[in-house]
Every structure is written in structure tokens, then in C-alpha cells.
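Written below as C-alpha cells is the structure these notes are about.
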Amino acid sequence: MGMNIIYIILGTLAFAICAPVLGCLLAGVDRKISARMQGRVGPVLLQPYYDVRKLLGKENASVNATEGVYVTCALVFTLLAGGIFVSGGNLLMSVFVVALSALFFIMAAYSTRSPYAEIGAARETLQVMAYEPMVLFMAVGVYMALGSFNVATLTWAAAPIITDTWAIFVGFLFVLTIKLRKSPFDLSYSHHAHQELVKGITTEMSGSTLAKVEVMHWCENILFLGWVAMFFVWSNPLSWVLAIAVALAVYFLEIWIDNNFARVKWQLLLKSAWIVAIVLGGVNIAVLAYW
Amino acid sequence: MALDIDFLPLELEELPALAKRKKKAGFRFVQMLCVTTQDGIDLQYSFMKEASLENYTIRGVRPGTKVPSVTETYISAFVFENEAHDLFGVEIEGNLLDFGGNFYKLSEREPMTIISPAQKAAREKAVQEKAAGEEAAGEEAVGEEAVLEKAVASGEQQKAAEANDAKEEASPQEAPGLEKADRTAEANDAKEEVRLQEAPSLGLEEQAAEANDAKEGA
Amino acid sequence: MGKATVIPFGPQHPVLPEPLHLDLVVEDEVVIEAIPQIGFVHRGLERLVQTRDYHQFIYIAERICGICAFGHSMGYAETVEKLMGIEIPPRAEFLRAVWHELSRVHSHLLWMGLAADAFGFESLFMHCWRLRERILDLFEATTGGRVIFSVVKVGGVTRDISPDMFERFATTLSGIKGEYNQICKAFLTDASVKNRTVDVGTISQQAALDQCMVGPFARASNVNNDIRALGNGAYGALSDFKPILDSQGDCYARVKVRALEVLQSIDIINELIAQIPAGDIAVEVKGSPALGAEASNVLEQPRGECYYYARGNGTKNLERMRMRTPTSQNLAGMTTALAGCDLADVNMIVLTIDPCISCTER
């Protein structure tokens, strides 16, 4: 038990150092590829880093003091969830801690009492409600394919769990678009300010608070891509290369989807996510349970 | 089919009935505009159907006259009626979407009713030239009467002009937004206007100036 | 959720193209009522007739709005020419019509980009504006300006277009057409776009007639009021002009009408270029408008019908110049369309009237 906590702490520290760096590069690549798809030149690769650095240097102009505290909590819990995952710990725990981090983010927006932030927070709550069933089914599916919630057991698994859980994987890809905040599901917070909610959930966040939100998104992206890669890792050491390649391919797919779809309204989001969760997740779990 | 444009006169009381008639005949409401003239404000309502554009002008609405609204028949007129109220001071009764004077954010009331003194002078000159032109084209026999009438008319106009000038000096000048050159030109004109009015008392000033010169000379 | 929130929408808002203020009373993301408020860009331009004479005022008229700039200068010049009874050479009429139709193309492309942005499809927005850049390059090559041209004067136009330049027009426009068809397909057949535009903000034909709506906004509800069909000026030389109508009356129909109008304008430009007569491009205008003379004029701008009125008073300055722009007429229609819509649709509906508040307030 003691060793586990030490592993988790080490994992969190490693994640806290590597994930922002990787996430920043990933975000830079995202913007460059999106720009090229739109016929533009696009910003330099390190632009997200420059943006965060600029945000950190700004004056603190927040509405109240609690907003910054909530966002800091959200960031810390994201790092913790990442740490649990990369140290080979309990996947279900990782999922719950990420959900807790999302809740703190929503609370931060509600605490400002601004109409745009409130509607953005309401939409974010709907988004969490939309993707959470599928994510839980994913954790259950992994357990049933692997025999344990511990991610470390993947390293001595005989075959990648994708062979048993491909339906869940497809369903997870569907909700990944919501989690990565890409069109058509970028209702509550879009990187482009041209939506009716101004900046949605982050309308009242600025300066170092917004910088923390950015870093949190980078870390989340890396964590979710880690969950995607998890489906392709088994005892063969070369499987890591395959897993990383698949993760990058999935991210490219998400960029392509972002650039080719308009934003949907919340009713369609909720309906489609739940249908996907129930059909793909439910069927796969049923198959795994009875075969 | 080319555009067929008509300008027709209208009396204020006939306005609501006209609007209803036009609506029934299938005309659509195009716009309503106001023009500031010396006799008050002219209101013009335009209606259009296919290739026919009809403009009805109500001349000389004085401040304080209540104008009936046409928004019951044509709701899209609310924009123009609010504008007429904010920019020209026309009081319109029964506007279904009345913003109560807050449609435009203005820093002075009724800005479109203000005319700069230079403009006033130019307009009056044009009126007099036209009157002179018409009179010259008239017959000799009627000539003397016309001259008398013109003298009376121009006298009245000058009185009206002076009364209006006094009103303008009381109302705030439209300095912001005009170019510097124009402002100085208008300021000069204003000074000239003022000076013309004070002409009878110039004698006293001259005596005082002579007294001062005498003092300095001594 | 359940109690009404009041959301102040505008005048500063990233998705609003123009400074318009709406207080949206929202319950559960459904708008219960919305009253527009304008007045943030009132510059009193109509008052400036008193300081600029009728030759100089054209520079003010075209600065009323950046998108409809050419339309206003053309409408103003036509009105003053009517006032003073001036006939301009036919070549000038054709040149004005060519520039005006190009203005329509660039205005509709701009609008389509903004519409794509409003429903979250940023890459489509970028592509529309990329095509629009080529039109602006044409403007710069022929008039020297990309947005405000200053190429119309009372009595004609100030610059001519050479036959080589007309060749360039033809090649650029046919080059645009190919890519434009792809963009049209994205707007009109993509499922996610249709999800955001079909059955949104529907206005029936009767409502459109009652509220006297103008422009593509009204034509999408099957109200035919296209002034170009009357054949004034160079438009009379067109062999066959049919306004584009659609009977659905929702946002999708308005997108479709404007998308097809771009193609129609490109055809009109090609036809006018083929028929343009040789000759002078301007007549000299001396003197002043007569005292008591008045004239009015209508022009079909990209946003709809624009009404101009001029009255002379014997001096070099006009007594009154009035420009009634299409958005003033469409505000009533917008207010009714907004009642009962989803919050996510507000910016779509506001955008589909193609608001140009700087024109409305002058």
C-alpha cells in the first residue's frame, strides 16, 4: 500500500513535468495543421507556450478570489489523475479524479455569477453528463478484458485489449471529441471566441487563472491520448511504438473532424453521446460478460 | 418597367387613413423621413408597390403638434418614428415600440434641427435670388406690388432669421465633429451676425475707442 | 435552470458583426424575449450635408459603411443626378453596375464567412474569406482601394476599366466559381450545417409582407422585391434577370438565397462586360440644385433595397439628404424571429438579416 502511494506521487511528478511540455507541443501541432487545412500559414509551433507565458505575466483581474482556487484544484486533480495512470495505478480511480477535476472547473465558472459563464458552466455540466457513461463503460470494459483495473497489468498482457473491446474503443473515440473540446462538440468552451457565449465557461477567467486552464487542457489531452494508447499496449515492447502512433493518428482524426463540422446544440450532443454509450458500450460489455 | 416616382402632398389628419388604404392596396412601407425647414418640419412617408414609389409629404409640422403613428398598420415604421423623435423632436403618439428618447445615444437634443449660421445665410440668399428671378420674369404692372411684397417678405424673413439666430445662440453650438476650418469660418460668420445686430450701438463703441486713442495719444 | 437569466448580448461581442445590443431574457437556453437597441454608432452623417457641398458629400456617403460603401456612393450620385436632371453617359452606368455587382459578391462572401463562424465551422469561414480576397484584389487593381473606392462622382465615374482589366475580371471570376461551388456544397448539403440552419428562425411569407422586409432576408420568405428587376440604369441591358426566391423562410433558405445570388452576380458581371458601350465616363456638373427640387431613388444593395432622398435649396449644399438602409426595415423582422428561439440560434438569426448597423444609424 505504501509503495503504491509512492509510485503515485512519483508518477504525478513525472506527469506534471512531462505532460505540459508534450501537451504544449501537441497543441502547437494542432494549430499548425488546422491552419494548413484552412488555407492559412498558421502560428509558430511554440505559440501555445508563448500564449501561456503572456497570460502568466498579466495582472490579476478576477471577479472573486475563489475562482482561482477552484481552477488550481482542477489542475492539481488533473495532474493527480495523470500520475495515477502513468504509474500503472487504478484506471477507475483515474477516471473519477478527472471527473472531480471537471467538477472543480465547473464550480469555478459558477462562482463568478456572470451570465455567460453560468450558461457555459451549465453546458459543461451537460457535456460531463454526456461523456461520463461512455468513459465508465470503457473502464468496465478494460477490467473485463484485462481482469484488473490496474493499468500496469497491460505490460504483461498476452494480447492488446483492443481485440476484446473494439466497440468500446469506437465509442470512446466518439466521446473523445467532446472531451478534447473539438467541433462539433465544443459547446461550452471553444478556442475560437466566435460563439454566442463569448468564451463560455472561461469568460470570466483571465491572467494566471486562464494560464492554469490552458495547462490543464494540455495535461488532459495527454491523459486522454494515454487512455487511447492503452488499448494497444501488451507485453511486446514494440507495442509502445504502435500505441503512440495510434494515439497521434487519433489526434489527427480529431483535428480533421474539428475542421469539417459545424457545432451542434446540446440536445443533439446529449442524445448522440448516450446512444453511442448504450449501444457500443453496453453491447461490448454484454459480449465480454457472456463469452 | 422603369421606376415610377410620385411626390404628393398630404395633410396630417389623413395619415392613419392613408396608411390603412395603402396596406389594403398591397403597398409596402418604405420609409419615413423628416426635413427641417423654416416653417417647421416636413414629414415624408414613402410607399412602394412593384414599380410604383409614392412619396407623401406633410409640410410644416410645428413643435408641439402630435403626429399619429403608423406602427399599427406597418410595424416596421417604429425605427423611423423613434429616429424622428430623437433627431428632430417630432412627437409621435401611439408608437408600438417606443424607446422614449433612448433610441439614439445623443449628446444634444434634436441635433438635426440645428442649422449653422453660414448655411442659413446661404439659404436665404438663394431664396431671395429665386424670388428676385421670379419677380423679374413677372409683368411690369404687377412689378411694384411684387417689389412691395418682396420687401415685406424679406423684412419678415430677416426678422424670422434674427429670431432663429437668437434661438440658435441659446441652443448649444455643434462644434464637435466639424473640421477646424469650418469651425473658424462659422465662428467668424457668427461673429459677423452678432455684429450686424449690434450695428446701431456701434456709435458708442466708436466714441469709447476714440476716447481711448485720445488718452493714449496724450 | 428554470429561472430567467438576462444575458446582455452586444454591443461588444465576438460573434456579432455589428454593434447591436440585445437584452435576452433566457430560460433554460430558450430566448423568451429580445428587444434590440441600436444607437452606438450614430455619427450624424446626414447632418454633414450642411458642411460639405454636394460634390464633396459623396466621400461621406461612401463612408457610411465599409461593406456597402460602393452602393451608397452610387445611390447618392444617382439621386443627385436625378435632382439636377443630369444624364450620365451609358459607359459610366455600366461601370457602376459592374462595380456594384462585384460589391455584392464580396459582401455575400463576407456574410457567408461570418455565418459559418456563427455556427462554429471556422474552416469554412476562412475559405470564404480567402476567395473574397481575390475580389478585393480586383477592386484594388481597378479603383485603388479595397474597401472604400471613391470612384463614383456626381456626373459619372472617375476611372475607366481597360479591356485588359476586363480580361482579368473574367479569369478571376471563373477561377472563383470552381472553388465557390465546393463551398456552396458545404453550406447547402453538409449535415451539421443543416442541423444549425434548417427550421431556425422561420418567418412566413405573410409575416414578411406585414413587416415590410427587404432584401435576401425577405426573398427567402418568397417576397419578391428585387429592385434590379425594374431594369434601371445598366440593369436594363440584362437579357434575363430573375430574382432568386425561396419559400422556406428559415435560416437555411437565407443562406441559399445569398449563395445563389453570388453565382447570379458573377453571370451578370460577365454579361455587362460583354455589352459595355464605349464612350465618356463622366459629364461635367456645374451649378447647384434648384430651390425646392426633390428627388428620390431606390437601389438594390447586397442587403436589400436602399432608399435615397435629396432636396435642394438653391445653394451648393443640399438641404436634406436621406439614406434609408435595408437593415432599418429588417429590424422588426429580426425582433419577431428572435422570440422563442434557442440561445444558440440567436447569433445565427441576427446574422441572417445581414445587419449593417452603421448604415442604419449613420
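Note that the chains take the letters A, B and C in the order they are written out, and that residue 1 is the start of every chain.
By definition in this document, contacts are C-beta pairs under 8 Å (C-beta built on N, C-alpha and C of every residue); 3 or more make two chains touch, one makes a residue touch a chain.
Since we're looking at a predicted model, the values are computed, not measured.
Colleague: Moving step by step between touching chains, how few steps can get you from subunit A to subunit B?
Modeller: The distance in steps between these two chains is 2.
Colleague: Please indicate which chain is farthest from subunit C, where distance is taken between mean Cα coordinates of the chains.
Modeller: When every chain centre is compared against subunit C, the largest gap points to A.
Colleague: My parser should flag the chain pair with the most contacts; which pair should that be?
Modeller: Contact tally peaks for the chain pair B-C.
Colleague: Average the C-alpha coordinates of each chain, average all protein C-alpha coordinates together, and give the chain whose average is closest to the overall one.
Modeller: Measuring from the global C-alpha mean, the nearest chain centre belongs to C.
Colleague: Roughly how many whole angstrom separate the Cα centroids of subunit A and subunit B?
Modeller: That pair's centroid distance is 67 Å.
Colleague: State, to the nearest whole Å, the distance from the C-alpha centre of subunit A to the C-alpha centre of subunit C.
Modeller: Spacing between the chain centres: roughly 44 Å.
Colleague: Nearest whole angstrom, what separates the Cα centre of subunit B from the Cα centre of subunit C?
Modeller: So the centre of subunit B lies 31 Å away from the centre of subunit C.
Colleague: Which part of subunit A faces subunit C closely enough to touch in the complex?
Modeller: 34, 37-40, 115-116, 118-119, 122, 183-184, 186-187, 190, 192-196, 198, 259-266, 268
Colleague: Which stretch or stretches of subunit C touch subunit A in the complex?
Modeller: Spelled out, the residues of subunit C in touch with subunit A are 1, 5-9, 13-15, 26, 29, 116-127, 130, 190, 192-193, 195-196, 342-344, 346-347.
Colleague: How about subunit B: which of its residues touch subunit C in the complex?
Modeller: 1-3, 5, 7, 28-31, 33, 35-37, 44, 46, 48, 51, 53, 55, 74-76, 78-80, 97, 99, 102-106, 111-112, 114-116, 119, 122-123, 125-127, 129-130, 174, 177-179, 182
Colleague: Which subunit C residues qualify as touching subunit B in the complex?
Modeller: 35, 37-40, 42-44, 46-47, 50-51, 209-213, 225, 227, 230-232, 236, 288, 291, 294-298, 305, 307, 309, 311, 313-317, 319-320, 322, 324, 328-333, 335, 360-361
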